[in-house]
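Look at the two complexes coming up: chain A is in both, with chain B in one and chain C in the other.
Our next item is the complex of A and B:
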């Protein structure tokens, strides 16, 4: 009995340490946003009084509304398109399996191993040829057919009962109607989980937007937050406020869809 | 209500043939049960009728029209699935009216038809609930309701009771029989449960390895099985099969001895010219046919007794390893290891040739 309590105690200790390590950067960011740059550099770990000041300086340096608009536009459109295209592909790969589709899918999975850096230059050339450099479309288009999300939807579709599809066929639904009227609502927790993953990836996307977005009018919040650090003497208080603001949308999305996110990861259909 | 015809219907998956030329007539308003062991092709055949599986060869007719290439929704069928297949995001009312909505039926008409079906199945209080808020039996009733609403020519049931507990299964079985009478519907029902088959069917279709082994009324299939498979599959407890040898053949019949049972003899009145003296045959004896007045006697030792209350199943042997099952209502006093004389009327015995076919 004592041994069991001891073992459980150790588990709690380890979990507490892991939780602290995970949450510490977030807490540090929140505390930092209320302190001056000098206080942050001194390692002050308590809340300060510089939040308003930091925010004012941030607003003076960047067009916050435009940055939010750019980031939100890219993240929302990319998320919506990725959900539609990748879920259709995942559904198709699982439901309409053929030898050829299996080969194509295997090829797609193999492509996951290619690092983005390797396709960056050809992708840039393609976008240039399409005259899309310095447009938000150039950021969105390469992300909408996400192999990982296709794979995620294909795996989730394995739990979609085939009898529902049969029942819908007997009820007179065409394939696209089965997808839209049955599959989408039944798999909503899968969609919720995917929404969080895709939105966060697009909101935080840095490298590719850095390459294709070349004027301040098209840049995203993430790019501008990073550029704040490139100053000769960065104001870390301002950086922390900007980072906190940049984190808020993903936090809101996550907490809104948290329940469905967990369900989606556990399997949509019970 | 329409009838249905299958003519030499086949189904192949690549080189694997799973339905091997099935021909069958289902009369209007008939309750036909496909029964057979797992993998015999009964569900595949039902899905082919529904249009959920392509027919590789042969013809399917419903109401006199060829339906091989017709969309499932236009075949005049409705199907009830084993797992109910209710749409989990829709209420009972929406589930029941779903097909009509996509068929372009007006809202008022959908409401009327759904309400009519709900009344038939006493679903009134459940109409605004989601499937997850229903019990297994209620879900099954909704699934049946969804089928009724469509007013189909033929109802197809794919093992609809197999997910229910024993008590509910009996209840739903009675409900289904009642419903069939009330709707005067043509029904094709798939099950591996022979009790369901015997109690519900007007006509039983016993399937084995992709072919029909026998078609007939429940009692006909039970009393006069065409082969060893049907005799073994229909009837619970399972029929006893004893090894026999043809001793003599005359113009009026054959005499068979049972070497394992003190050379007991049974005479069969048959005009079959296929058997000759010395042939190995199989004798089938139903456990329920044993009684206290039969002239064919087996001296056995009781090895196991199962008391079911109303009757007992006695498993007895004569040391040869083969056990005979006897269903008796006077087995309460028997004990394991006791000597036991099983008696049966020889006229009840069934004779099968070496290939397992019935000799009549």
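Our next item is the complex of A and C:
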């Protein structure tokens, strides 16, 4: 019995240390926003008085409203388009299976492991030829047909009751009406989970926007945080405030919709 | 319910329905053709071209030869491999350990621990780069913490030393992705029938043997999945090294993706050669995924 308690004790020690390490950087971020750059670099872990100063400096340097607008615009449009295009495809691949469509699907899965670095140069050249460099369309278009999300919707469609489809057909509904009026409402929790995953991925996206968005007017919040950080002498107080602002939306989504978020991650492997 | 649907869906479908199916998938397929398949092929042909900027001409295997003579490429390749070989096993074992610990239903505060461990996944790669870069400053919080604990006597030059810079990158990636991988292990653990453990316990099988004979075999597909995705992820490492260390010091954290970016968008663009380097990643992904599948299959048959 004593051994049991001792073993339990170790479990709590391990978990507490791991939880502390996981959470500490967030506390560091919040505390850092209130300290000066020098204090942050000296490792000060108590609240300071520089918050308003940091915020004022940030607002002087960058157009915060525009950055938020750009990030939100890209994330919202990309999420909406990805949901429509990828769920249509996932539904199509599962419901209308043929030998040929299964082969195409296998090819898609094989392409899932192609690293982004292998396509970014041709993609950049194509975007330049289409005169889309420095437009948000260039960021959005290549991401909306996501193999990962197509796969996710296909897996979810396996649990869509075929009786519903049969009944709708008897009632004379066309295929697109079945999709729009029956499938979408029935699968709303699947859509909710996918929305979170896609939105976060777009909000946090860095490499591709970095390549195609080179003007200040088109920059996203994430890009701005990176360029503040990689400046010759970064002001960490300012960077911390910017980082907090960039992380806040995803934190809020996480805490309000944690269950769907986890479900969304797991949906693709179940 | 699942099996019933399955048999219904697998009945041969009419030509009309086949066409409808393609209409559903065509928007995605057209986009993937234009913005994935075409670039993959384009970049393959580009890897046989030499020249600066857009003035490219056929160069045969000149780029492949250049790879073997390019010390920076070899450096980036070694760095990427070092990070991969050390980081992925550490992270997967850690994720597994935490998942097994958290799977105990009698554990107090279980959901709080799970939430805390999962929290790092919400940060953008850029955001957590900010945090790690500032925490690992020479007089920063990590050094002063370690000094208070008397683990070290003088501050470690984390970001200024080639060895320690790699360690910071490994710590950073492990922080960001362990909780993410743990979630997959937790889900798989919850699918194991608890009565199997109960029976084993009654038979007097010790805890470590239960872990080795019941838990591990059941988790094999998840271990494979997380290892393959983590390998692909680490092979593509870019955001962290570009923001925490900018590939330095002395190229110690230069990765293949960062080198491709530098070749294409930082220096005088050398698209053909950059495409060749990118195909090195493709080849590595294919070989490593294949090896991991082989290992997984081998273990399954024995």
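Operating definition for what follows: the second predicted complex is superposed on the first by the 233 of 270 C-alpha atoms of A that agree within 3 Å, B and C clash if a C-alpha of one lies under 4 Å from a C-alpha of the other, contacts with A are read in each partner's own complex, and residues count from 1 in each chain.
Here, a contact is a pair of C-beta atoms (placed from the backbone, for glycine too) under 8 Å apart; a residue touches a chain by one contact, two chains touch by 3 or more.
Owing to the predicted nature of the structure, the values given are computational and were not obtained by experimental measurement.
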Side-by-side fit of chain B and chain C on chain A, or clash: fit
Partner chain in contact with A:250 - chain B first, chain C second, else both or neither: second
Angle at the Cα centre of chain A, taken between the Cα centres of chain B and chain C once the superposition is applied, in steps of 10 degrees: 90
Which of chain B and chain C A:21 touches, first, second, both or neither: second
Partner chain in contact with A:170 - chain B first, chain C second, else both or neither: first
First (chain B), second (chain C), both or neither touched by A:86: second
Which of chain B and chain C A:96 touches, first, second, both or neither: second
Partner chain(s) touched by A:161 [first = chain B, second = chain C, both, neither]: both
Chain A residues touched - chain C or chain B, whichever exceeds: C
Which superposed partner A:209 touches (first chain B, second chain C, both, neither): neither
Lowest inter-chain C-alpha distance for chain C and chain B in the superposed arrangement, angstrom: 6
Contacts on chain A seen with chain B and repeated with chain C across the two complexes: 161, 269-270
In the complex with chain B, residue positions of chain A that touch it: 161, 163-164, 166-173, 177, 182, 185-186, 188, 269-270
Parts of chain C lying in touch with chain A, wherever the complex brings them together: 1-2, 4-6, 8-10, 13, 17-18, 20-25, 27-29, 31-32, 34-40, 42-43, 46, 54, 97-98, 101-102, 104, 107, 112-113, 115-120, 122-135, 137-145, 175, 179-180, 183-184, 187, 222, 225, 228, 232, 235-236, 238-239, 242-243, 246, 256-257, 260-261, 264-265, 271, 274-275, 278-279, 281-282, 285-286, 289
Residue ranges of chain B in contact with chain A within the complex: 47, 50-52, 71-74, 77-79, 81-83, 85, 87-89, 98-99, 102-103, 132
Contact set on chain A toward chain C in their complex: 11, 14-15, 18-19, 21-23, 25-26, 28-29, 32, 40-45, 85-86, 88-89, 91-98, 101, 104, 108, 111, 113-126, 141-142, 144-145, 147, 150, 158-162, 175, 179, 200, 203-204, 206-207, 211, 222, 225-226, 229-230, 236, 239-240, 243, 246-247, 250-251, 253-254, 258, 262, 265-266, 269-270
